[in-house]
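Letters are used for the chains, namely A, B, C, D and E, taken in the order the chains are written, and counting of residues starts over at 1 for each.
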Amino acid sequence: MTPAALLLAAALLFPLLLAIGCLSARFRARALSVLVAAPLPALAAAILVPEGRFAFFPQPFRLTLVLDQPGAILLGGAALLWSAAGAFAASSMTRDPAAPRFAVWWLLTLAGCLGLFLVGDVVNFYLLFTLASLAAYGLIIHEQSAAAHRAGVIYVVLALLAEAFLLIALVMLAATHPDANPPIRSVVADLPASPMRDGTVALLILGFALKMGLVPLHVWLPLAHPAAPTPASAVLSGVVVKAGVIGLIRFLPFEAGMPAWGAALIGLGIVTSCYGVVVGITQRRAKTVLAYSTVSQMGLLAVLLGVGLETADPDATNLAAYYAVHHTLVKGALFLGIGILAATGGRRLGLVLLLMAVLALSLGGLPLTSGALAKLATKPMLGYGWLAGAMTLAAAGSTALMVHFLLIVRRDAAGNPAMSPPIGQFAPWLVVLAASLVIPWSLYPAVSGETVASLLQPEALWKVTWPMLLGAVVMLFVDRLPRRLGLIPEGDIVVLAQAGAPLVRGLSNRIGEVDVNLRRWPVAGLGLIALAILLGGALMFRA
Amino acid sequence: MTLLLDLALVAWLLALAVHVVVQRGERSAIIAFLAFGLLLGLAWVRLAAPDVALTEIAIGGGGTGILLLRAEAVLRGRGKEEEPMTRAGKLAVAVGCAAISAGLGLAVLSFASPAPTLAPAAAEALGATGLGNPVTAVLLAYRALDTLLEKIVVLLALIGVWSLAPDGVWDGAPEVKPAIVPGPLTYLARILPPFGIVIGVYMFWVGADAPGGTFQAGTVLAAMWLLVMMAGLKPPPDTSRPLLVLALTGGPALFLAIAFLGSIFAEGFLAYPEGLAKPLIVAIEAALTLSVAAALAMLVAGPARKAPAR
Amino acid sequence: MTPFAHATTPGGFLLVLAVILPVCAVLAIFACGPRSAARIAMTTLAAGLAIAIAIAVELIASGAALSYVVGAWRPPLGIALRADGLSGAMLVMTALVVVTVGLFARVQYGLHDGAGGGRAQTTFWLMLLALWSALNAVFVGEDLFNLYVALELLTFAAVPLVCLDGRAETVKAALRYLLFALVGSLLYLLGTGLIYGQYGTLDLLTLSRLSRQEPALSAALALMIVGLLAKAALFPLHLWLPPAHAGAPAPASAVLSALVVKAPVFLILRLVLDVAPPQAAAIAGQLLAVLGAASILFCSVMALRQARLKLMIAYSTVAQIGYLFIVFPLAAGSAELPPWGTIAWTGGALQLVSHALAKAAMFLAAGVIAEAFGHDRIADLGGFGRALPLSAAAFGLAGLSLMGIPPSGGFVAKCLLLTAAVIEGYPWLAATILAGGLLAGGYVFRVIDTALAIPAVPVAPRRPVPRRLELAALALAVAAVLLGLVPLRPFGLLQIGRDGLAMAGLP
Amino acid sequence: MTASLSPGALFGLCGAALVGIGLYAIVTHPGLLRRIVGCNILGAGIFLVFGAVARRGGGAGFEADPVPQALVITGIVVAFSASALAVALLKRLSELNVGERNGTAAPTEQRGRL
Amino acid sequence: MSAVLGIVTIVLVTAGAVLFLAGTLGLLRFPDTLSRLHAISKADNLGLGLIVLGLLPQAASVTGGLKLICVWLLAQLSAATASQLLGRAVYRGRREP
C-alpha cells in the first residue's frame, strides 16, 4: 500500500477512530480538544496526494478511494474549515456540559463529509452520505431549544427523504451492474445508455438538491443554521451542503451530457438564487440571512453544473468545485465571524466589522477577493447570453443581501461592551479568513487555465464591480423603503406545509379508525374468510 | 340402505352443528355439542376408524364437553358479550363460509383416483414393529416424532393453564369439587372407578393389536380420577406434588429415553431394535397412558386455587 | 441435483438434538421443580447455541443440506428432518436471539428475587425452551403434519408468555391470540388433509416433485397460506398482535416479535417456493405482495401514531413482516435462475434475520426503559438517553436497521429488495419500500429525539438498572448492524441444499 | 351419483359443511365460549375430511388408510389441549373482569414480575 | 334352535327400539324437565335392557356376553346417577329461581 493510499485512508478513518475513541468516557471528556486535529489528515491528503490517485482496499473492506481535482479542491477547503471551526468550538464550548456529546456528533459528521469527497464506490458513497446527513442532526439540536428541535425534526425528515431518493437512484444506477459495489465512474459511464436514465437522473437531482438546499427543498437550511451553535452553523453551511454538490459532480454524466436535464438544473438554480436573495432580504436575524445566502449561492452552483451537463463539459466540475471552495471558506468565516462579533466591542469592533464587510462582499464578487475570482473563472463557461446576464443579476442580488447582512450585524454589535474575543476563537477565524483570500488565488491558474495577472486587468475588475455597485445601490434604496422585516418567516414555505398538518393529522386519524375497525374480531374473521376465498378462487380459476 | 343410514347420520350431524351455532342458550348449545360429539363417533365407525371413534367420543366429545360445561357453569351470568355483528355482516360471513365449504367440497370430490394411500406401506412395515393395530404403529413407530411432540403440546397446555393461577397459590391444588356434592355422585364415584380402571387398562392393552390405545385409555382413567375428585372422595393434588409430576413427565421421559437409546442400539433416533419393538412400544404406551390420564384430568381441573399444603 | 428422497446425512443427528434438547430441558425443569429452572435453562441455552452453530458449520463445510430420517422410517411413511442453508441461518438466528433474551431475563429476574421459583419466572423458562424447540422444529421440519404439530407447540408456548403478568388486558390479548392462531392452524391442518388426499404424502421434498395444478392443491394452498397469514399477523389479520406483543413482559415480547411470527412466514415461503406449481406461486406471490405492501404502509403509520413505546414496536413488527411478503413476486426467478438464486431471496432472508435481531433489541431496550421508569409512554420519557445511554444506543442502532440506514443488515436487505424491484419492474414495490423506510425513520426518530431531548424536568429512573441488563439489547442491536458488513456471506449459505446451484461466481 | 357418494366422499362433504358452520360460529358469535365451541366444530369438520381421505385409501387388507387416522387422533388431542387452554384463559379473564367491576381488586390480583 | 334364537332377538330388539322411540317422543313432547326425565329414564333403561337381552343369544363367546351385560350395568348406573343429578338440579332450580 502506497503512502498516498495510506494518507487517503487516514483522511477517512482518523475522524472515525476518534469517534470510536469517544466510547471511552475519559477520552470523551477531552474530545473537544481533538476536533481541530481530526481533519488534518484530510488536509494533508488534499495538499500532498497527487490528483487522480486511486486507492483500492480489497475484501472485506470493499472501499475505493479516489482523489480527483474537484475532490481535492473541495476536500482541502472543507478540511481547513472543519479544523478551524473545531478549534473555535473547543474554545467557545468549554463550559458546555454537553460538549462531549457535541464532539461525538461533530466527529461523525466530519468523517462523513470529508469521506464523501474521497470515496469512489457507490455503496460507501451512500454510507458516508448517510453518516454526514444523520450525524448533523446532533449538531443542529445541540442547544436543545424548541426551535432547535423543530429544526432538527424538519432536517431529519428532509434528510431521510433525500436518502430515499438517493437510495433508489443508486439502486437504479447499479442494478444492472455485475459488481455488487461498482465504482461510481463506471456506473455513471453506463448511465446514458440505461433504460431508466431519466428516472435515475431525476432522483439523483432530487436527492442532492435536497442536501444542497435548492428551492423548494431548501427549507431546512434557514431553520437549522440559526439553531445550531456557531461553529456548527459554519460547517453546516460551509461544508455539509457541499455533500450535494460533490454528489452531483460525481453522479451526473458530464462526459456524455444531458441537455434537457442540464437545462432543468439551470432553471432550478436560477430560481433558487433569486429566491434566496428575495426572501433573505426580508429576514432580520444575521444567521438566517446567511442561510438564505447559502441557498442563493447553491443556486449559482446548480447553474454551473447545469451548464456543464447541458454542454457536456467535464470542466464544469472543476469550476463548480472552485466556486464551492470559495463559498465554503467565505461562508464559514462569516458564520464564525458572527460569533466573534458577539464577543467583540469597543476598539476592535471596527476592524472586525471591516473584515466582515470584505468577507460578505466577497460573496457578491468584491474585486480581488475570492468571490471575484470565482465569478471570473466561471464567466467563460456561462458565455455572454441571457445566462450571463442572469448570473450578473444574481451577483447584484448577493451583494444586496450581504449589505443587508452587514447592516444587521452592525446594529447587533453596536451595543456590545468593550471586550475582545478569546484568542482561541479569534485565531481560527483569522485563519479561515486568510485562507478564503489566499487559496482561491493559488488555485486560479490550475482551474481556469488563465494567469493570475489576467485578474488584475481593469476590464476584469469592472466586470465584477458593476453588478456589485448595482446591488449595493439597490439595497441602500430598498433599505429606505418601508419594509416589514420578518414578513416571511424563517423557513418560508415550510410554514405553508405546516398549514397542511391538520389534513395529515386527519388522514392519520382516519387510518387509526380503520385500524380499530379492522381489529374487531368479526371484521378480522371476515377478512380471513375473504382472503381464503380470494386466494383459493385465484388459484383454482386463474392458474 | 347403508347409504340411507349414512345420509341420515350426516343430516343429523349438520342439523346439530347448526343448532349449536344458532342456539341462544349457552348450556343448551354445549349439550347439543356433546350429542354432536357422540354422533361424530358413529360417523367415525362408518368411516372404518374405530380408534378414532373411541378417541372422538372420549376426548373430542366427552373431555371437551365436560370442560365446556364446567366453564359455562362458572361463566353463567357474568360472561360479557362482546363485538356483536350486524345482520349484513353475518350474511356476508355466511356467504363466505358457504363459499369455502363449496370450494372444499369441490376439492374433496376432485381427489385423485385411484386414491393415493400409504396403507400398503404401513401394512408392509407392520411386521417390523410386531404390532397388530396399524394406527398404533403409525402413532408410535412411523410417525412417533409427532406423537412425542404432541405429548409436549399437552404438557405445555397444562403448564399454560397452571400459569393462570394467582401468584400466591401457584403451586397449590385446583378445585373441582362443587359446593354441595350430591349423594348419587358420591355413590357413582365409589362404584364406577374400579370398572373404569379395568376398562382403561384393557383399552391400553389391546391397543397394540386392536382398536384402543393410550389416548382412549388415558381419557377413561382421567374421567375416573375426575369423578373421584368431583365427588370429593380424594382432593386434587397440589400441582407441585412429586407423584403428579412423576406421572406427567414419566411418559414423555420414557419415550425420550427409548428414543435416544434407539440412536445408539438401533438405526436411529426413535427407532426400535429388531425384535424389541413391541415390548418397548407397550412400555412407552403404559407410561404415556398414565401421563395422558394425569394431564387430561388436570387440564379439566384447571389452575390452582388453593395455597399449597406445606 | 439433490436426490428426491431423504437419506440421513452425517451430522443429521444435530437436527434431532436441536428439536429435542429444549424439550428434554422442559421435562427436566418440570421434574426438578421451579428452583432449578434458571440453571437448567442456562445450560440448555449454551448447549442449544452450540448445536445451532455446529449445524451451520456442518452446512458450510459440506455444502449440502443436512437430513435425518427419524426412526429410519423413510418418508412418505415416516418423517424426515432437513436443514438447508436458509434453515441453518434461521437456526443460528433463533439461537442467538433466544440466548440473549435468556441472559437478559436471568439478569432481570435476578433483580427482583434472587432465589427464583416464582410462577411467572418458571413459566417463562419453560415456555422459552418449548418455544425454541418449536421454532427449530418448524425450521427443520419436512413433513406437513409434523410442521402442524410444531406450529401448535409454538402457539402453546407463546400464548402463556403473553399473559405472564396476569392482568386482565393481557389475558384478553392472550385469549384473542390463541383463538385466532387456532383458526389459522386449523385451516393449515385442513390444507394438509387435502394434500394428503390428493398426493398420499406429506413430505415436502416429494411434494415439490408431485404437485400439479389441481383443485385440491389450489384449495389446500389457499387455506394453508391464509391460515399461516393469520398466525403471521399480516395486515389485515393483525388484530391480535399489537396487544399481545405489547402486553407481554419484555423478554417475552422480544422472542414473540423477533421469532414467533417468523415461523409461519418461513412456512409460507416453503409452501410457495417448494409446493406450489410455478403459475400458482406467481398468483399467490402477487396477492401476498399486495398485502405485504399494505402492511408496510398502514402499520408504519399506526406505529407512528402510538403513544406507548411497546405498542409502537409491536406495530412496527407488523410493518416489517410486510417486507418479507413483497419478496414473493420479486424472487419469482426464471427458467435459468431459480427463485433462491435471485437477490430478492437473499434480501428477504437477510431482512428476516436482521429484523429478528433488531426487533429483539428494541423490545429489550423498551424493557429496560419500563424497568427503570415504570412506564413506556413516549411523551413522558424526554431525555431518557441520559439515564440509560446504552439502551438509547441500542434502540437507535436497531432503529437504523429497521429504517434501512447503512451500515446495517436492514439496509443491505432493503437495498437488495429495491434492486430486485427495479430489475423486475415493480415500481410500486420500490416506492413502498422507500416509503416504509421513511415512515420507519419517523417512528424510530421520534424515540431518538425523545431520548436526546433535555426537558425542563428530567426523567429520573425509579430504580437503578444494572449495565448488564442494558448490554443484552445493545449486543443484539450491534449484531443487527454488523450483519450489514458481511452481507455476501449469507448469500452463499442460503444456496446450500437448494438444488445444488453452483456457488462459484458469487462475490 | 351413488358411486361418487361412497362413505368417504359423503363424510368428506359433511366435513366441508361443518368447516363452514364452524367458521361461521367462530367469526359471528359474540360469546367467547361459543367461539371455542365453533373451533371444535371446525376441527371436527377437518377431521372428517381426513377420515374421508383415509376411507378412500383402504387397501392392503385394511378398510382404511391408517396414516390419516393416526393424524386425526393426534389432532383431536391437540384440539382438546387448545380448548382447555382457551377455557382456562376465558375463566381467568371473566374472574379478573368481575373483580374489576366490583371495584375492588380481585382476591387473586397479582403483580407482574416483568 | 338358531332360528328360535333369531326370532327371540328380533322380537326383543324391536321391543327395545320401540321403547327408545317412545322415550324420545316423550323427551320431545313432554312439557317440563321432570316429566321428560321420567319418560327418558324409564323408557331408555328398559329399552336398553331389552336390546342387550335380545343380543345375548347372538354373542359369539361368553366374554362377549359378559361385555354386553357390563355395558348394560354401566349404563344403568350412569343413567341412574344422571337422572338423580338432573332431578336435584331441577328441584333446586325451582326453590331458588
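Just so we're on the same page, contacts are C-beta pairs under 8 Å (C-beta built on N, C-alpha and C of every residue); 3 or more make two chains touch, one makes a residue touch a chain.
What you see is a predicted model; the values in this text were computed from it and never measured.
Shared contact partners of subunit C and subunit D comprise A, B.
For the pair subunit A and subunit D, chains touching both partners: B, C.
Chain centres computed from CA atoms place E at the largest separation from subunit A.
The interface carrying the most C-beta pairs in contact is the one between chains B-D. With centres computed from Cα atoms alone, the innermost chain of the structure is C. Chain geometry summary: the mean Cα position of subunit D and that of subunit E are 31 Å apart. The centroid of the Cα atoms in subunit A and the matching centroid in subunit B are 71 Å apart.
Work out the mean CA point of subunit A and of subunit C, and you get 41 Å between them. Here the CA centre of subunit A is 95 Å from the CA centre of subunit E. Shared contact sites, meaning residues of subunit B that touch two or more other chains, fall at 82-83, 85, 89, 93, 96-97, 100, 103-104, 106, 108, 111, 115-118, 122, 142-143, 146, 150, 153, 156-157, 160, 164, 166-167.
Residue positions of subunit A with contacts to 2 or more other chains are 520-522, 525-526, 528-529, 532, 536, 540. Counting partner chains per residue, subunit D shows two or more touched chains at residues 19, 23, 26-28, 32, 36, 43, 49, 52-53, 56-57, 67, 71, 74, 78, 81-82, 85, 89-90, 92, 97, 110-111. The complete set of chain-chain contacts reads A-B, A-C, A-D, B-C, B-D, B-E, C-D.
Listing the residues of subunit B that touch subunit D in their complex gives 2-3, 6-7, 10, 13-14, 17-18, 20-21, 26, 29-30, 33, 36-37, 40, 43-44, 46-49, 51-52, 55-56, 59-60, 63-64, 67-68, 70-72, 74-75, 78-85, 89-90, 93-94, 96-98, 100-102, 104-105, 108-109, 111, 115-120, 122-124, 134-135, 137-139, 142-143, 146-147, 150, 153-154, 156-158, 160-161, 164, 166-169, 213, 215, 292, 296, 299-300, 302-303. Listing the residues of subunit C that touch subunit A in their complex gives 176, 180, 183, 187, 213, 215, 218-219, 221-223, 225-226, 229-230, 235-239, 242, 277, 279-280, 283-284, 287, 291, 298, 301-302, 304-305, 403-407, 414-415, 418-419, 422-423, 430, 434-435, 437-438, 441-442, 445, 449, 452-454, 485-486, 488, 507. Of all residues in subunit B, only 82-83, 85, 89, 92-93, 96-97, 99-100, 103, 106 touch subunit A in the complex they form.
On the subunit B side of its complex with subunit C, the touching residues are 103-104, 106-108, 110-112, 115-118, 121-122, 125, 141-146, 148-150, 152-153, 155-157, 159-160, 162-167, 170-171, 240, 245-246, 248-249, 252-253, 256, 259, 262-263, 266-272. The residues of subunit D lying in touch with subunit A in their complex are 23, 26-28.
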